[in-house]
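Notes to accompany the following structure.
Note that the chains are named A, B, C and D in the order they appear, and that numbering of residues resets to 1 at the start of each chain.
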Amino acid sequence: MDRHRPGLEGPGDRQAAIARHIRQDAYAAFLGAQVDAIQPGYSRVTLTVAPEMLNFHGAAHGGLLFSLADIAFAAASNARGQMAVALQVSTSFLRPAQAGDRLVAECQEQDLNGPIGLYQITVRRASGELILQSQATVYRKREWFVPPQA
Amino acid sequence: MDRHRPGLEGPGDRQAAIARHIRQDAYAAFLGAQVDAIQPGYSRVTLTVAPEMLNFHGAAHGGLLFSLADIAFAAASNARGQMAVALQVSTSFLRPAQAGDRLVAECQEQDLNGPIGLYQITVRRASGELILQSQATVYRKREWFVPPQA
Amino acid sequence: MDRHRPGLEGPGDRQAAIARHIRQDAYAAFLGAQVDAIQPGYSRVTLTVAPEMLNFHGAAHGGLLFSLADIAFAAASNARGQMAVALQVSTSFLRPAQAGDRLVAECQEQDLNGPIGLYQITVRRASGELILQSQATVYRKREWFVPPQA
Amino acid sequence: MDRHRPGLEGPGDRQAAIARHIRQDAYAAFLGAQVDAIQPGYSRVTLTVAPEMLNFHGAAHGGLLFSLADIAFAAASNARGQMAVALQVSTSFLRPAQAGDRLVAECQEQDLNGPIGLYQITVRRASGELILQSQATVYRKREWFVPPQA
């Protein structure tokens, strides 16, 4: 196999390579989260709340809700192939989620300025109710996990 | 006075009942997190980073690090037996953690004012390096999962 | 129909009374901020950066930028006549502003759930560049500074 | 004048030059805030709430409280002579302050890691009650406003 022959890899191949890398996420697999959409600056991730994800009050754990949002954040902020690491995430918890709830996380880029990127992340029930909203900042490193094209 | 006669529950029994309830956390068990200490306004939780907790860059997932902090936050803020729910958590990610790292989360109450409580949470490597720090707010409901004593 | 007859106060009069109250803000006047638009869940505030608003690096002070955002936040979150107080504001500073810059703050409600309201606030140069973005939470009290209509 | 003659400028002179620069803050002067203490990673700033600093509810404006905290944040994070700019500030508002209240802001460094610095800031009444607490992040630039010593 020779995916890297000159002239054979176009922008579509590059974007597919980035998406493959982002989907090789052990923790997302462990939680059963599915990255449905990855575009530069945007992602959508879905997960169904399982009984082992509940807290001692019987609702979906805040750590689980944040984890779902963070999987979306990582996908959207790394979707240009450049390594982005989270600096800061501010999260509001609006409503509880329950076992069996189908949750949809979306992350949308708000701003890029040099090494800093700003993102908004929401987690909603499939029915639309807002569960969580975050405002989040990444630092973009000089390393690329899929190199930019010449 | 015999506060420990069967049917007469003293302060120590009450604190033990609260700790038992807090330790029945499905998500903490799922992640292998251990709640080592629970006191009113304080907790300490430990976890070792397993391979299934890594992100696509090969470091501990931000969602996992937050989950550990959130388990500590829930323990400290519910440790009076009164139901506390997270309103807002602001998290700074300082350093990456790796597979095999032993992590220690501590949560310390900073302020209580009516229904609002303020907490600081840190996650450190056992060697002391700061991995994550959060400032976090709860809303304390009128419900008690272990009733206050008459 | 004559909603403005003396003694008959319609929705327009009530909204005007709310706007008058919100515009009687000593600190906004002190800074020279102008509340241009007030609607339930929305506001727009403008300010020109004066030399006395600079920090020791010679740029607009972060406290000034936040103050402008906070004036917009207060206007949008109180615009139903119900007293709303800020619980938490998470602010990202994206770009510096300079003396003479005309700044526009906008606040938009994102969610209401019982006593809790969630807002997003932006401060931009008149030319559109993003200077600051906040995600912010209010607690809505049972007091109304302009009573709801029967 | 030869301020750089060997033996004439010691570490004390350098620290004094840094403190002079930090105290030349137009906005702090405009608000009447006084920077009482500046050390690397620490500062203390005081201010008395004046009538022109109140909001339309008659309490100290959130923007004013944040400004006081931000003056302390800037002093502590720039106190090594290296230019530090605020990236993110997460602020909890715990209690209102009133006209005439004497407020004390303190900022304490929590962590330094490469270009990133983490700080905690509190604003208290002189009597000790917590008014505001922030967790805040700076980016430290390669520029120094007072050069490091050879």
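As a working rule, a residue touches a chain if its C-beta (ideal position, glycine included) is under 8 Å from a C-beta of that chain, and two chains touch if they have at least 3 such contacts.
Being a predicted model, the structure only gives us computed values, none of them experimental.
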Comparison of A-B and A-D (more C-beta pairs in contact):
A-B
Specify the chain most distant from chain D by Cα centroid.
A
Taking each chain's centre as the mean of its CA atoms, how far is chain A from chain C in angstrom?
32
Any idea how many Å lie between the Cα centroids of chain A and chain D?
35
Between chain B and chain A, distance of the C-alpha-averaged centres to the nearest whole Å
25
When you check chain D against every other chain, which residues touch at least two of them?
87-88, 90, 92, 116, 137
Counting only contacts in the complex, chain C reaches chain B at residues 87-88, 90, 116, 137, 139
Which of the residues in chain B come into contact with chain D in the complex?
88, 90, 92, 94-95, 110-111, 113, 116, 118, 120, 130, 133-135, 137
For a test of understanding, state which residues of chain D touch chain C in their complex under the given definition.
21-31, 51-57, 61-64, 66-71, 73-74, 78, 83, 85-93, 96, 145
